[in-house]
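In what follows, chain A forms one complex with chain B and a second complex with chain C.
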Partner chain A sequence: MLRPVAISCLVAALALPALPRTRPHYGGVLHVEVAGDPMQSPGGLARGLIFDGLASLAADGSLHPALALNWESGDNFHRWEFQLRPGVRFQDGTPLTADAVVRSLNASCTSDCPWSSAAAVGSSVVFTGDSPIPNLPVLLAGDRFLISLTVDANGQIPTTPTGTGPFQLTSNTNGVLTLTANVTCWQGRPFVDSLQILANRSIRDQWLDLSVGRADVVQVPPEMIREARLQQFTVVASPPVDLLTLQIASAGPLSSASLRASIAQAVDRAPLLNVIFQKQGAVSASLLPQSLTGYAFLFPSSRDLAKAQALRGGVTPPPLQLSYTGGAAMQLVAQRLSLNLREDGFNVQVVPASSAPTAALALRTLPLLPAEPSAALETLLRADGQPIPVSDDRLAGLYQAEREFLDLHTLVPLLDLPRAWAVSGRVRDLTLRTDGSPDLADASLEDSSRDAPENAPGNAPQSVPGNAP
Partner chain B sequence: MTLRQKLLLLFALTVTAAVAAVAWTVLLRIRQVFEQRDRQETALFVSQFQREFQHRSNEVAAAVDRLAASDQARTMAFQIDQSGDSAPYLTTAQTMAQQAQLDFLEIVGPDGNIVSSAQWPARFGYPEPAVNSAAQTPFLKREDLADGASVLGLFAVRAIGGSSPAVHLIGGERLDQSFLGELPVAPGMTIGLYTAPGPTVSPSGTTSPASPSAASFDPARLVTASGPVPGAGRYQSLIDSARRSGQPVNQILYLTPQRQDSVNATAIPLKNQSGDVLAVLTVALSRSGMIQAQEHIRAIAYGVAAGGILLAIIFSLWIAARVSRPIERLARAAGEVATGHWDVRVPERKLGRGRDEVNLLARSFNRMTAELVSQRERLVQTERVAAWRELARRLAHELKNPLFPLQLTVENLTRARQLPPEEFDEVFRESTATLTAEIQNLKTIVARFADFSKMPKPELERIDAAAVVERAALLFFPTAIRPVGEGIAQPKSGQQIKLTLDVDSRPMPLMADPELLHRALSNLVLNAMDAMPNGGSLTLSAHRTVKGVELRVADTGEGLTPEECERLFTPYYTTKQHGTGLGLAIVQSIVADHAGAIAVESRPNAGAAFIITLPAA
Partner chain C sequence: MRAIKLRHLLALGIFGLLAIAAGAAPDAWQRPAADLASQVANLLGPGQAQLTVVNLSSIPTGQIPAIRNLLAQELQARGVVPAGPSSASTVRVTLSQSAHERLWVAEIIEGDQTQVAMVDAGPIIEPQTAPAAGIVLHTQPILTASTPILAALETPAGIVALEPEQVVVYGQIPNGWRIDQRVAIGQTRPLPRDPRGILWPSADGEGFEAWLAGAACTGSYANALASGQWTISCRQSDDPWLIAREIPQPQRPPLNQLPALPSPVQVTPAMPSSPQAAPTPAPVPPAQPVATLRAFYNASRDYFTGLVVPSPAVELPPFYSAAFVPRPSGGDALLIGGIDGKVQVLENGALSPVDGARDWGSDFAVFGSGCGPGAQIVASGSGQALSDSLRAYNLPDLEAVPASAPLPVNGTVMALWTASDSKSLIAVVRNAPDQYEVDRVTASCN
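Let's look at the complex of A and B:
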């Protein structure tokens, strides 16, 4: 008799610690540190937490309704109508209306918009285009077209960025952004009460803070993923979400296509991946990754210096500038490319992008969306400043479009790179979004009591909101 | 230039030359000594610098040694050897370089390719040729950097212990302005570094030859610890020499036209392992202190020399005066003698001090003047006696002629007492007439002598010489035409004499007594006419000369012998049968009273010419 009781007690005892792990806690302050500006557009970490788009992309690349419940196209993708989700309010209580959405989209897209006009029709937003816009829902799911409040209920411009996302910005002092949970969020309340995002923090300092418990989520650049793992950090890495490219200006000293082709042939991608990025990511000579299209292998990524020199044809080009944006790794990549090009007879000087905005060569990172290939390609091209509609869903057509674009040699794909974050042991269920940023709305803290004394009463754990999707 | 001036100049030049030679020799020697010391000092500093440079090289080698022996390096080498993956060590070189305080550090894998580079991180995977160097000693190498610059460095290569095949470390220190600033520098010393552009080395290790402009000197490439070298162009010849020869070169460089701004510069070529000159280190020691000392000594030398020369001139003045004073006295005395003052004497020094040549000359001069005076007195006495004898002879001769008729007349008259009275009366009248005539003749003789003894003093007035000549010509040749006239005279003997008058057309003013001058000229014309008893040609001329006015009376008579010319103006000397010998003496007396001179030019049978020279008014 005692034996079954004892066994039951033992099972119960073993099961008790497991209970909290299966049910996330509400409350607590999540400390996040980033190297850049979290409000930077595009790609700022806080933007995705404060604002929502009309649609959203799931991690598997599937498109989901967000502020728009549904959408439909007409006139051979020249017209789109997005039906807004009812009952959604901005964080200050202003209702989300079609007019507010149109104002926000017009404010965020002043040029090279996918659409020709956007209009509010009742509770719908109607987009029309001079050319077909087959990938508009995916484009609207991107960071560029997040919906923000431009005019509040009183007709005033809000003093703080206001969206419909799970967090609202409450303060921004001394480089620390404090975001509190939006309890009225249409997606439901996030688990943590607030976020404290420390901006412009160096990677080493972030890691130190993570080591001593002052930070919960910190950035891990791709070139340091290996090191972070060696330091026993818990690293959450995304699949490749960034395409590192070399942009070549078609005007100016490199107006000759053969010179640009020579540059494209002279770059040596393998050392960039194997040494600088410590084998994190993949070598790429195509715009879209192999996993998305299956034809990326058709673009040779190996270096052919002899061909490069033949393409140069003995021409001695004038000294060129190669600009870069980012940290030491990007500078190193630029210097390595400069070395590659020097072997090809080019004299390339590496400069920060801030000091050479019109450099003939530039290192740029473009987003790789796990969406439909045509949508992913159009998104990527738009990010590159090439508003080219891609409407062909056939792989052969896509390949042809990509081949024709790459044959211009104005953009040389180099590497597909992941994004990664290191998290402390008290963070639970942290997942990454399609752009590689952490989905902090779904993350919870293992032990939120540590932050209780520091939190305002309003930030105390609350019940699950009723308006969860 | 007087003797005293000549002596002074000679003494002064001699002393000045001697002082200048001594001063030049002293200054030259001082300069040589200073420059020798300067060279020694520079050589000492250069030697110290080379030792310091070697010390820094050893420090670099020691730092690389320590790194190669460190656990971190050995672990890394082991891992690379075991795994063959060098990617994790991409930034290791930067970390290790910071630890060792090295400017350059590269980790080179067993394949000879760079694993990690502190100075150019992007060069990983490229070969590093310097790793093949087996040298244990530090060496110079030009290192290309990511920004395109090419800098010079002092490098050492070490294999990391325990790794096989070896992983190498190539560490180095930059040779630049900061390196120069850390070197010990003596006061006045400037250390510069000239980095020559060298061959271009591609990342893959292939070498391209240096550009042609690399051989030319670029002043901007010469820097010191504090920046560019002012007047770097002055170093060109020094640096070019060092680059060409590959050996240290020493030169004195003048940085500005000011001599103080010069340096004693040594150029030390810095070579790589192949012997190529990568840079030239210049050690320049300012010569301003030495130049100032030289200037100070030179100023003193010039002062002493100037003082010496001044003293020499003063001494020369004294010496010249002492030497020339007796000679000047002699010269003055000789001048006095020349003017007829033969009784002049020059002082003689006493015995013992007066044995030099000048004193002997003075004594001889005094003896000579004494002898001259004595001889003149004797000559005067002799001439006086001769004159008296001549006078007595002339008087006897002149008086004898009238006396003889007088005696005959008186004797005839005495004898006539015996004649009848009519005859006696006839004889008496003839005799008294003869007596009267002869007595008159005696009176005339006496009057002539009286005239000569009573020559009047000339009454000078301003006249023209032409007038005197024309007056004399008109006296004997009334038909003479002025200025160049010709006339014919027929003297008492009846001979034909042709006159030629040649008078200068320019004014010939004289201060003279016209009557005395006319008398002198008339005497000369009469003498000339007497010299041409058979006729001839007489020329009267008057011309301006440099010294005054020259009057000339020339005939074409028989002429005079030299002996006659010498005695011609002696009173009572005559070549005529009935002359008194006073005519030319009177002429000479008149000319002398007018401060003039008379001379005669004559040759036998070629006529004679009397030339009177008178000072112009």
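Let's look at the complex of A and C:
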């Protein structure tokens, strides 16, 4: 228990966002547009609105109770007990029970789970691990372990995704998700009456819709933040929340550690940031950013082509493929990296990931959580497919762990990137979550009367002028 | 030989002057300097090494020479003698920091081998800004809780805290407060995301009246001394909330007419207090008849509809906050903070906009600071500011004139109202999503 308490004390002592406020208005329909699938796991925008986790991370990285009221560890972090918050119900009215939580977690975690077993014990969920799981509360705050209803009170599998979050999915037709306010939400009902999320919309179309008043919140990729501001959009940008990396397969043509080290030395990060991403973010050669650890400067990010060539040692590897996912910016990054590597004597072909799932080189983004550094490092490594418990919470120990991992040269950090959203003038109090997604439950609309029926279910005004004495 | 000695003495003198000019290293640096030197000495062993110091932190540049001297002294004390660039070993110390903590890192370079040592140098403490002239606001934490507090009231029998689903009575103990009693409100309606509530001292001065969405509660400590328990009852209610009481002004007639409100102004007659009922000797303020205002609350939209009792001559817009403000000319005006962000004053049967209130948030309250004539308004910061604060204003006419510097608040002001003594305020501040603090806000006069 000491560790979570210590972490809580630490994060509570950190500078918290002391945002002033003007009381938000209730009501209205908030129109959101995204480029991808809002229900995609992990990271879909709608998931965090429909579902809750056992714990949650605030924007400043501090850990807070959510569906679990409290938790404690035992047996040197091999055992954790999470006490559930009483009185919580799923959006269909089914009570939240420990059994329901265990069923949800088992469904969402079929392999590489942080725990060995999860069991319902009364109103608690007890996790046990073969290895210590010191960062379990932070891991359970992540998107992967959001709690959904798997079997309703009648023993049926729900036909729509059902959670305990501030919004419930009421329709999903023609690429438009409609989420309505969950008036019985344990956190209190959200301010807007409903959300309409238009999926798979191109960025240009999103911006057009925002400019003509058809959308309230749209995406701004990091490489377009400057352009969005030039277009006079109100842009809300997160601190860096994504680590752009180059993954190098340790099997196959790059099984030699020297060749992988050569590639790591050959990449030139500065043009990626300055040209492609328009200086939005920061170059990075470490897994965790300087703002989290204070030691990131020990990982030099400058290119050393001479050293790279020396490490290659005259070996000419076979042609390599470098795959990318995402839009044009990722393709440009891949192309520029291929030029860097060509100067180092590698022959690299850029291909979309869909056509080369086993490429020796791959561009990938990993989550940067502003959490306690050991938890942030474990989360990042797990996202990279390395389920390594990080139990050393001393910065010197973390530095050592990070150094040893990066010395394998299977992952080359490139850039720390923010996420950003453009919002219409009628949106108030929009803040971003730790993953850079908008916290739409706490957002409100300045002019909700335009589309807020006063007699919407659960929203009828309760003060009746005729009652005046 | 004599020349060498002279140069040596001169160098020592210059070094000493530089050290004095740089100022001694603050005590805060002695522990990390010693710890880092100890780690370096363990890794390097006794001998000579070049020492360089790089500052990547927010430590002022003027302090770096002193820190370097401190590090050199600590290294020398452990057998590592700082030497020139020709030394085979280099100790490169970087004074770094994360967003919240300082970190000192030493890279010990011997040939092509580099070892790393690091020590935590403590949290980053931002410098405080000096208060401006005029009224100086102060906050004093009274109570903290991990559950939302909608309102709190100090009484002679403890602190009453109104939470979304219960009333909690805190009793004083030597080291703070402990929960003496909890009474469920029995809410049947779903709560909004931003629930509100109001607590006032009861008319007899021996309890409280509370309103929150869909419910109202009353409490009395008249029997608390004998039974150890307050008498608290709650009921479902859509009755209008008591939202404003006039601020008693000792130099004025006891009952002020509300110029904007038609008579009869609702007057709550005061009952004489019973001193023996109070478990603590804190005096109950002498009760006087006071003007009050009640307002209907829209629970689903979290604002007051504009319908108030007694009804004024003009229609009020929906609003979040309201307070009586004693006017220099006598009488009270009603100040309201509309949901459109406009602050208006109801006086002489007319609503007039208040200038200078653009920086105000949705919460304000009036109190008699004792600094200058009349009462002052304290407002929270608007949503346009970067951080929340409290600031006192005078309202001599229709313009809010700042009377204090903004007082930074470590969190977000969730509620603000006049304390029962009328000379201070009570603020509820949310420090973190599940950390609430009740503060007493007082003023001193510059």
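Things worth noting here:
One rule holds for everything that comes next: the second predicted complex is superposed on the first by the 430 of 469 C-alpha atoms of A that agree within 3 Å, B and C clash if a C-alpha of one lies under 4 Å from a C-alpha of the other, contacts with A are read in each partner's own complex, and residues count from 1 in each chain.
In this text, contacts are C-beta pairs under 8 Å (C-beta built on N, C-alpha and C of every residue); 3 or more make two chains touch, one makes a residue touch a chain.
No experiment lies behind these values; they were computed from the predicted model shown.
When both complexes are overlaid on chain A, the residue A:His25 reaches chain C alone and has no touch with chain B. Judged by the touch definition given at the top, the superposed model places A:Ile276 against chain B, while chain C stays out of reach.
Look at A:Gln349: by the touch rule set out above, it reaches chain B but stays clear of chain C. In the superposition on chain A, A:Leu332 makes contact with chain B only, while chain C stays out of contact range. Comparing chain B with chain C, the partner in contact with more residues of chain A is C. Once chain A of one complex is fitted onto chain A of the other, the partner contacts of A:Thr293 are limited to chain C, with no touch recorded for chain B. Interface residues of chain B facing chain A in the complex, by the touch rule stated above, are 86-88, 90, 120-126, 146-148, 202-204. Only residues 56, 94, 96-103, 105, 107, 116-118, 120, 123, 164, 190-195, 213-214, 238, 240, 296-303, 305, 307, 309, 311, 320, 339, 341, 361-363, 380-383, 385-389, 408-413, 431-435 of chain C touch chain A when the two sit together in their complex. Looking at the complex, you find that chain A touches chain B at residues 226-227, 271, 274-276, 278-279, 332, 335-336, 338-339, 342-343, 347, 349-350. Those residues of chain A that touch chain C in the complex are listed here as 12-27, 56, 58, 62, 64-65, 166, 183-185, 187-191, 290-295, 297-298, 395-396, 399, 428-429, 441-442, 458-465, 467-469.
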